[in-house]
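I've put the structures underneath this note.
Below, chain A partners chain B and then partners chain C, in two separate complexes.
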Partner chain A sequence: MIGTVSKLELDGRFDAYQAQGTKVWLKEEVEKMSGQGVKANILVDMSKVTFIDSAGLSALVVGIKKAREHGGTLHLFGLQQAVQIIFELSWLDKAFPIYITEDEATKAFNS
Partner chain B sequence: MPMPKPLKIGMISTFPPGKGSLNEYAYHFVRHMRTKAEVSEVVIFADNLLNGEGEYQDQPATDSLCPLTIVPCWEFGRKRNSVRIMNAVAKAKPDVILYNMQFATFGGDKVSGALGLMSPALARLSGIPTIVLLHNIMETVDLQSAGFAQNALIENVIRGFGNMFTRMILTADIVALTIPKYVEILTEKYEANNVVLAPHGSFEAEKPEPSFDLNPGPLQIMSFGKFGTYKKVEPLIEAFEILQNSGDRPPLELVIAGTDSPNAKGYLANAQKQYSHVKNMRFTGYVAEEDVPVIFGDSAVVVFPYSSTTGSSGVLHQAGNYGKATVLPNIGDFAEVIMDEGYTGEFFKPEDVESLTTAIARVIDDPVNREKIARQNYLASQWLPISEVVDWYIFHFQLLLEKQKNLNAVVT
Partner chain C sequence: MNQTWVLNRKTKVYLESLGENWLKAGADSFGFRINGRTVYCIRSESYRDRASAKPTQEVIQTQQSIGLSNEFSSVAELLSISSRVRLGDSQNGTLFVDGLDGLTHQKRLDLDANFFGDTQQLQSDVDSISDELVEKQDQLVTLYQLSQTMRRHLEIQPLFSSLIVTLQSLFHSQGLFTLVSSGGLSPIVSAYPDNSLLDGNIIRALQEMHQEKESTIFNETDFEKIENLLFLPLHVKDPFQASFVFVNKLDGQFTTPDLKLAQLIGEQISAQFEYVQLHQELLNKAKLQAEADMARNVQMQLLPTTPPAIAGLDLFAQSKPASQVGGDFYVFLPDAPLPQFVLGDVSGKGMPAALLMTMLRSSFQSAARVNHNLDQLTADVLNDANRSMYGDFTAVEMFATAIVAAFDLETRELSYSNAGHSPVIYCPAGGNPEILPANGPAMGVVDMDVAGHDSIKLHPDDLFIICTDGFVEVWNEDGEMYGYDRLLELVSSIRHYSAMEIAIEMYMAIEEFSGTREQDDDQTLIVTKGVDHESK
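Now for the complex of A and B:
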């Protein structure tokens, strides 16, 4: 956790195999933060993700939904081009706050 | 960010006990939509039920479900469906509209089908944010197999009109497609910027792992769906005959579960008559929702005797949910979507009886292979539940409403 922001680093293929564990982590982390009385702000480092499928996208949807339910949100940063394309294909690039650098993504929680 | 106001969602779709195509997808989609905190009410603008189909049942709100109202207002094959739907929508006043459709949803003939496809354009014109979930696209449908065109000339004419109809559908705010390839085709061909990928999703995720053992009795080879256009039972029955008459196998049974496609009335009755000499074959007719688990549970293998493709398959997701091995046609984008979604099966050359026989034999003669395929299909079915896919749509609706609100603010 960085201040009141929790950070998740993903890497490699973010597909169904990684998605299940990620969903569980996101849900538990949001509930933990909420239990501590802080906004559930989650930062996801996507810079090492080379591939994402529908199950991976869906895990992030579950995460942002859960975070918003607890007064926070979920920011992504460092998307590689192949991953960015999938976000654009699904229009989820319009639903997620996406940043180029970690610094931008972190600062945006306070803006 | 404040939580947006809960939505009253209108959905234009077939719906059980109606037997039209995509009724089952709508049933599961709505079942999960009603559980969402972001949804205050669901109104289905459904097709009128035919004699003997029973009655629609509105559902009141419960602690965990929002209310469901069903407004029957259109009929397969009628020419005024678009107007009737819009009249019903005007009365119900949903915040947003979702169409669950394919090209033949509103009619099997060119005129009624085409006029029905104007409906999303009218909805958009009425100012209500509209998403069309389009399960197939004209560019990849074999029109002759699907019963729309009798020959190549007519097919070319229909394709010309098809481009026009696709453009009409693309006037919706968002057109959602279940396969990345479909998104690419429409984006490139029509330069559309409102086409999005939204996966099909599995009907029954997070179910306890099914038993992969088979029930006692004959080995059941089962096919499920609406038959007669691109789903043909003839090769399957002929393959079944060969399997029954060859090899040292336990007793077999062929179960053909489902009804005629609306575009092929009388097809199954004719097939049943034509193959009346084949023993151990059963036609179930329409399978009610509560009987679906039994039909799948009893089968050793689920066969997809398709001659052309229609995109993702609800039946494949069901086969996965119930932990069943599958025999699948090796057709371009169908095979692609199967792989993309993590499913597997034994593949056969479409409409080739010998190839189909061999593929089925590889499953029923090899219990280890059967269980391996069944387990992979079950795992694939757990990866992306339809309940999460519903969240994608809710996201898109919220974005559309936000966009509309901002536009109104600029105008005023």
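Now for the complex of A and C:
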């Protein structure tokens, strides 16, 4: 099962500059996995992200919606406090499955 | 130059006048030979009469008339003088007189020959000057046409096409090739009037010349179909590059004056090309600017700075888009069972965000018209708007945060449903300002009715401020973010002001903080302050 998870590592300021490329990558990855007949499960390592704005959130929202369309989902892990606060304030901590460690986030795909 | 000498009208008239004088002086004939071939000859009447009679008689009479012995069979061969004419080239010309001789006549003929030679030289000079003048006049006319052509065209492609025909006729070339490239790409070669002179070798050679950008003439080439060519690079603005190649001059070879003329024209064309490019750029910019201005005007009209009066509240709203248009919006819904207002922020920037924002604004207005259940009024409105917009949000890969608030004057309760929007600040008259977290996900994220619902009391002097992240995610020159803590401190320090004054202070604080650093996010807010209804 673990072999069918795609992992994305983000770092620094996750804003409009990074968001566009990330959005494209997420969409293509989901379609590729779906084309190979596997669930589009995506793991996003947020541990190096120091800041996220609405464009960054938007890319992740597009990612999770796309993954869900194709029978998978998107898990986030390792959120720094500043980023965690943004997720809480925007209620997105309830829309995204968020985990502390990579191990937890990976295992959660099986449950 | 080794041309065949031709007797033209002027020369003939001149020789005639010389000849008549010689005949008057008693000559039998006068003529002019070039390289041994007689090209002009005039004979005396008496000589002609004699020639038509018996030849022997003619000879005898002639001999008698000039007193020579009968032993000579041909007087004409005997009595004859000639003089060399210098024609200024390799031509060998001779004036000859039959039937006369002697030193005096020879001197006179020499003078005639000198004079004739000089007039011939002058004549040929005049002819070549007139030819040159005609050629120059043709060139000037063509140049004039060229400049007219160029002025008529303000787009590159038509300008280019119209130049082809004019240039080809100016240089009398059989064909014309053009090479056009952009950036580092290899140039596209086109040929006029057709491709018959092109082959792989010539294309490769031309592409090399195109790289080198040097105007050159080749009057001998190794190419099968190309005898000579003139290569003319144009100096146009990067990343574009263009070259003209004139091939096979119809009347001889390309000369240095041809090259100079070509360079001159090349400079003119290059300047016009740059002008056209600049014109296009400015035009496009002006068009975009006009469209953006129009969009901004529309958007500003959708966001009134004077909100409708709501009893018991002091309200102020304003939006400052960072670029021409943005995704921030607010809307007041005063006609619902309770007065409501909405503030939202569509993710992304520019026209796409602005378009989605106007749709979202309309969907809130529709939702407010149909929902009357006071128990969860704001949640119903938010869910309705989310449902109607969810498909559009998904299609354009965007989402929006928004907050809907409703005020009940009876209970002084301000209820709200917050779809992921932040910051929302509540500051009770006696307490400290605090951030109210969202109670539902952003719009366009979940296709379900999940809007939360909370309420606070808004008594006189209590503050409720909704703004967009343009008031938090602002950076100063040192790279520091304004952040929530500074915003809360600021609100605390200006809480006693009116709604409008608070808004102005907030805008000023952000401007001061960001300094020279340009803001890159929209700044939109609604400041709501409780006021005593009776005193209002």
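One rule holds for everything that comes next: the second predicted complex is superposed on the first by the 109 of 111 C-alpha atoms of A that agree within 3 Å, B and C clash if a C-alpha of one lies under 4 Å from a C-alpha of the other, contacts with A are read in each partner's own complex, and residues count from 1 in each chain.
In the analysis below, contacts are C-beta pairs under 8 Å (C-beta built on N, C-alpha and C of every residue); 3 or more make two chains touch, one makes a residue touch a chain.
Here the structure is a predicted model, which means the values were calculated and not measured.
Model built by superposing both complexes on chain A: chain B and chain C clash.
Legend: residue contacts after superposition of the two complexes on their common chain; A:I42 is shown touching neither chain B nor chain C. When the two structures are aligned on the shared chain, A:D53 is found in touch with chain B and with chain C.
In the superposition on chain A, A:V30 makes contact with neither chain B nor chain C. When the shared chain is aligned, chain B comes close enough to touch A:T73, but chain C does not.
Two complexes overlaid on chain A leave one chain B stretch from 59-67, 275-283, 347-355 or 383-391 clashing with chain C, and it is 383-391.
Comparing the two interfaces of chain A, the one with chain B and the one with chain C have residues 16, 53-55, 58, 61-62, 65, 86, 89-92, 94-95 in common. Listed in rising order, the residues of chain C touching chain A in the complex are 345, 347-349, 394, 397-399, 401, 418-423, 435, 437-442, 444-446, 452, 469, 473, 481. Chain B makes touch with chain A in their complex at residues 1, 3, 37, 174, 180, 183, 196-199, 340-342, 380, 383-384, 388-389, 391-392, 395-396, 399. On the chain A side of its complex with chain B, the touching residues are 16, 19-20, 53-55, 58, 61-62, 65, 68-69, 73, 86, 89-92, 94-95.
Those residues of chain A that touch chain C in the complex are listed here as 16, 23, 51, 53-55, 57-58, 61-62, 65, 86, 88-92, 94-95.
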